[in-house]
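What follows is a group of structures, each given as C-alpha cells.
Consider the two complexes below, in which chain A is the common component and chain B and chain C are the respective partners.
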Partner chain A sequence: MRVTSAPRRWMVGPALAALLLGVSLVVPALQAQTSPVALAIPDAKTRQVVEREIARAVSRGLPSAPLVAKVMEGVTKQAAPDRIRAAVAAQAQRLEEARGLLGPTPTEAELVSGAEALAAGIPTAMLKQVRAAWPAQSVVMPLDVLTELVARGVPPKQALERVVTLMRRGATPVQIAGLGAAVQADVAAGLAPDAALEVRARGVMSLLPSPAAAAALAPSGRRP
Partner chain B sequence: MRDERDEVIEAVRGALRTSVADQGDPRAVARILSAAFAAPAPSRWRRWLDGWHLPVLSRAGAAVVAVIAVAAGFVARGVLPNREPMDPMAVTGELPIPVVPASDPRAGAVATQFVFEAPTARSVALVGDFNAWIPTAAPLLRLPSGVWTVTVPLMPGRHVYAFLVDGARLEADPRAASVVDTDYGRPSSVLMVPGR
Partner chain C sequence: MSRRRPPHALLLLALLARALGAQGDPLLRLDAGFATIQQPAIGSVRGREIADAALVAAFWRRPLDRSTLLASGNLTYARDSLAAIQGVAALSVPWRREPNLRTDVGVAGASFSLRSAGTGGNANAFVRQHLVRDDDGGWVGGAMGRTRRDGVPSATTSADIGLWRRWRFLYGSASVAYQHSSDWLLLYTAGELDARSEADYDLIDLQLVLQARGGPHDLTLSWTRRRVFADGPLAVPALQGSGTFQLTDRVALVASVGRQLADPMRGLPQADLAMAAVRVSFGPQPLPVMPRAVVAEAVVHREVGADSSGATRPRAILEIRVEASDTAAVTVAGSFSQWDPIPLRWEAGVWVARVPIEPGTHRLGVRVGVGPWRAPRNLARVRDGFGGESGLVVVP
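Here is the complex of A and B:
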C-alpha cells in the first residue's frame, strides 16, 4: 500500500526542474547587469551596442580597459548614449591604428598614448618615426610629450623633430617628460609655444652626452 | 508523520478484517497486509513532499508549469529593471582598469596635489584618465577656507582630468592648461607629470 499518489510525482519533478531553469536564466541576467558597462549605461539598447563594440574590439586583439574607461568618461561627463557609443568606436579605431603604427608588439600603455596622439591630430607617420627612434624602449613618454606639445600649439613637425632628436641623443623618459612640463608652464606664462620648445629643448640637450657618446650608449634592452 | 501512517494502517487492517471475514476467508487479511508491507516504505524525502499537500497536476499540467517558469526566466532577462548606476568603485575589482587610490602609491608614481576653489560646493571629486573617470575614486577634502584638495600618486606622463562638483557639474582646473575633448566636447584639463 502506497500512501503517495502517483500524479503528485509528475508535479514535483518538472516543477523543480523548471525552478532550476528559471533561476539559471535569471541569475546570469542579474550578473550581466552588474558589469561595469551595465552599471554605467542604464539604457539597455545603448548598453548592448556599446558592449558589442567592446567585444568586437577585444576579438580583434585590442585591450578592453581603455574602451571601458572611455565609457566611464562619457558617463561622468553626462554624454548622450549615442555619443558614448561613437566615442567608444572612435577610440577602438584609434587603438587599432596605433597598434599598426607602433608594432610589432606595443604595450597597452603605448597603444593608449598612441591613440591619444592620433586624437590630438598628430599624423600617423609621426608615430612610426617615434617608434623607429626607440624600437626597444617604451615610447609612452615621447608620445605623451609630443601630444602635449602639439596641444599647446607647437607645430607637429617641429615638435616631432625636437622629441626624436632628444630620444636619439639618449635623453631619458624623465628628461623628456620634464621638457613637456616646462613647455606647458612656459606657454601658460605667456611664452610662444615654438619659442618655449626651442628654449627648453636646448636646456635638456645641454645635459646630454655628445652624439658620438649617445650612439655608444644607445639603449638596446627591452622596453620596461 | 510516522504516527499518522501507523494509524492509517490500523484503520485499513480493521476494515479489511471486517469486510474479508464477512466473505469467509480469514487468511485474506494476512495476504493483503503482507503484500502491502512488501512494498518499499516511502523515503524521508517522499514523506516530506507528501506533507506539503500540493495540488495534483497531470503530465500536461506539469509540462505547462515548466514552460511558464522557463518563459518567465527569459522575460526576466529582458525586462528586469536596470539598477541605478551604483558606486562604481564597488565593481572596479572586476575591471582591468588602473584605479590609483591615494593611499596606495605605485612604484614610480609621483605624489601630485590638486587644488580647487569652490566655497559653496557640497562635494568635489577628481576624475581623470588615471582613475578611469570614476567619480568616487578621488574625492577632495574641503578645507575651512573653502578650498578643496586631494593628493594622488600619478605615473609620469600626460594626464587629462577635471573636477566633478556636487556630483553633476564638470569643471576644468583653472590652474592648469585646458585641452580639447574631441570625443565628448566637455571641459578638461591636462597635466604633465615630469617624473623623478
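Here is the complex of A and C:
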C-alpha cells in the first residue's frame, strides 16, 4: 500500500495545483463574461476599455460598485463609449479624492457620498470640515444633505455652515435628513433655497441641546 | 322606401355594454348630438339628399398592466334614410425593450342601412406600429376589411404611413394611405366612378392635419387630397374642421363641419356634414383632452411592508408621477434599479411608478418616449457626466 500511495500522492499534488490554476483562470473569465458591465456593453472594445478603467481603480483600493453603477447609467442613457469611459474615470478620480479628504479610513458609503458631493461642485476643503465635525461618526447623511442643498442652489458656504452647526450641536442623521426634506418642500412651495435653509435650520437647532451639552454628549466610539 | 334596420347593431351594442360592465374602473366618454348630413342619393339618376341625424358615441379605455385596451362605438340615425353603427376594439402595447415603440392592434365592425349606399355590414382588422418621441413621431400600418353591401361581398386592403410633430401648442401630421378595394358601389355613389363597372380600384390619400391646443380646448383642420385610379385618375379634395371646447371638468362641446370621404375599409359613404354634440366624461378623472407638457415629480414616503425574509417593517417607497401624453411610453431609471428602466403605469390620468428604495442618496431620471432623460422637477439636479442631468433624492 505504501509503495502505491507515494506515486499517487506525487500525482495528486500537481493535479490539484493544475485544477486550482484552472479554476483561478476560468472563474474570473466567467465572472467577466457575466458581470453587469459585460452584459451591458455589447461592444467588445468599449467593454475592455471600461473594464480596464474599473480594474485600475480597484487595484488602487477603490470600490467597484459605484463605477459599475456609472457604467450602467451611461448605457441606459445611450451615451457614447468615450463618454462612458470618461465618466467612469472621473468617478474613480472623485472617489480617490474623497478617500484622501475623508480619511483615515472612510467607509465605502462615505466615499460614494464624498464623490457625489465633489461632483455637485462642493469644494474639497468642505469635505474635510464635515469629517472634522464628526470624526467618529458616519458622515454619509451630512454629505448627502449638503450635496442636495448645493444642487438646489443654496450657496455651498451657507449650506456647509448650517449642516456643520447641526452636526456639532448633536443632531442625529435623521434630523439632518429632515432638514434636507424640509428645504425641498419649501423650495417646491416657492421659497428661495437659501431662505428655506435658514428657516428650517433654526427650527431643527431649536430642538437640539446647547453647544456645551452637545459636547458632553458627543459619542466617542468609531462610526459603524 | 321601406325602413331598413342595421342587422348587427344590437349585437355590437350588447358586446360593448358587456365590456363596459365587466371592467372595474373604466374611463368613459359619451357624446350625444345632432348632425345635418348631405349624402349622395343612389339610383339611376344621381342626386344629393339632406338628412338630419341624431348621433350617440361612446369611448372607453382601460389601462392594463403594460398596455391599454380601448373600445369605441357610435350610432348615427336619421329615420329611414340613414342608420349606421360602428364599433372598434383595440389593444395598445408599448415594447418592453424599446419604450418609445408601441404597437396597436384592433378590430372594427360596422353595420349600416343607408339610402345612398345600401344595407350591409363591414368587418376589418388593423395593426399599426408607432414611434413616439417627446415632440415628434411616426407610424406605419396596414388593415384588411370585408364589406357586404346589398348582398354583394367586397374586400379592401390598405397601408398607411405618417409623421407627426408638435411645436408648443401646435400639432401637425402628414400621412399617405393607399387602399385597394372592390367595393365599387361605394365610390360610384360618391361620384368618383363614372360607370357601374364592378371593377377593383385604387385610392391614394394624402392627408395633412393641423391642430391648435389651448388648455383643454382644441381646434383641428384636416385637408385630404384623394386620387382615385379606376376609369382614369381622378382627384378629390376634402376639407374638414373640428373643435372641442371644454365647459367644465367633465363636460365639453364638440363640433365638426366638412366633407368625409368615402371609406371603403369601413364601408361608409362620402358625406358632407355639420355636427354638434355634448361630450360628458365619466371615471376617476376626466380623460385628458390633449397631451400635456411633461411634468415629473418624485416623492419618498414610508409604508409598512414585508422584506425578503417575510418580516414586516417600515420601508421607503419612491413614487414617480409624470404628466405626459397618454400615448407616450414613460420610464424611470436610477441607482435604485441599477439603471434598469422601469415602465410607468397609466393611472387616473397620470403615469405612475412606486418603487421600494433603500436609504442613501440616489440619482434618477425620467424619460418620455425616446426623449432625453430628465430630472423630476421637484428634485435637486446634478450633471450626470454624459451631457445630461439626473435628479438627486436623499432617503433617510
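Basically, the second predicted complex is superposed on the first by the 192 of 224 C-alpha atoms of A that agree within 3 Å, B and C clash if a C-alpha of one lies under 4 Å from a C-alpha of the other, contacts with A are read in each partner's own complex, and residues count from 1 in each chain.
Just so it is clear, contacts are C-beta pairs under 8 Å (C-beta built on N, C-alpha and C of every residue); 3 or more make two chains touch, one makes a residue touch a chain.
Remember, predicted model here, so these are calculated numbers, not experimental data.
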Next item on the list: Once the structures are superposed on A, label A:Ala177 by its partner contacts, choosing first (chain B), second (chain C), both or neither.
Entry: both
Check: Does chain B (first) or chain C (second) touch A:Ala55, or do both, or does neither?
Finding: neither
Margin query: Just to be sure I read the superposition right, which of the two partners does A:Ala132 touch: chain B = first, chain C = second, or both, or neither?
Written below: neither
Next item on the list: Could you look at A:Asp144 and tell me whether it touches chain B, chain C, both or neither (first, second, both, neither)?
Entry: both
Margin query: Can you tell me whether chain B or chain C touches more residues on chain A?
Written below: B
Item checked: First, second, both or neither for A:Arg83, with chain B first and chain C second -> both
Check: Given the touch rule stated above, what does A:Met72 touch, chain B (first), chain C (second), both, or neither?
Finding: both
Margin query: One more residue to check, A:Ser64. First (chain B), second (chain C), both or neither?
Written below: first
Next item on the list: Could you give the residue numbers on chain A that contact chain B in one complex and chain C in the other?
Entry: 36, 69-70, 72-77, 79, 83, 86-87, 90-91, 113, 116, 119, 140-141, 144-145, 147-148, 151-152, 173-174, 177-178, 180-181, 184, 188
Check: For chain A, which residues are in contact with chain B within the complex?
Finding: 1-5, 7-8, 10-15, 17-19, 21-26, 28-30, 33-36, 38-40, 42, 44, 63-65, 68-70, 72-79, 83, 86-87, 90-91, 113, 116, 119, 140-141, 144-145, 147-148, 151-152, 173-174, 177-178, 180-181, 184, 187-188
Item checked: Touch list for chain B against partner chain A, complex -> 5, 8-9, 12, 36, 39, 42, 46, 49-50, 54-59, 61-63, 65-70, 72-74, 76-77, 80, 82-86, 88, 91-92, 94-98, 127, 129, 132-135, 156-158, 162, 164, 168, 170, 177, 179-184, 186, 190, 192-196
Checklist line | In the complex, chain C residues that touch chain A | finding: 333, 335, 338-341, 360-361, 363, 365, 373, 378-388, 390, 392, 394, 396
Notebook entry, point to check: Given the complex with chain C, which residues does chain A contribute to the contact?
Noted result: 36, 69-70, 72-77, 79, 83-84, 86-87, 90-91, 109, 112-113, 116, 119-120, 140-141, 144-145, 147-149, 151-152, 173-174, 177-178, 180-181, 184, 188
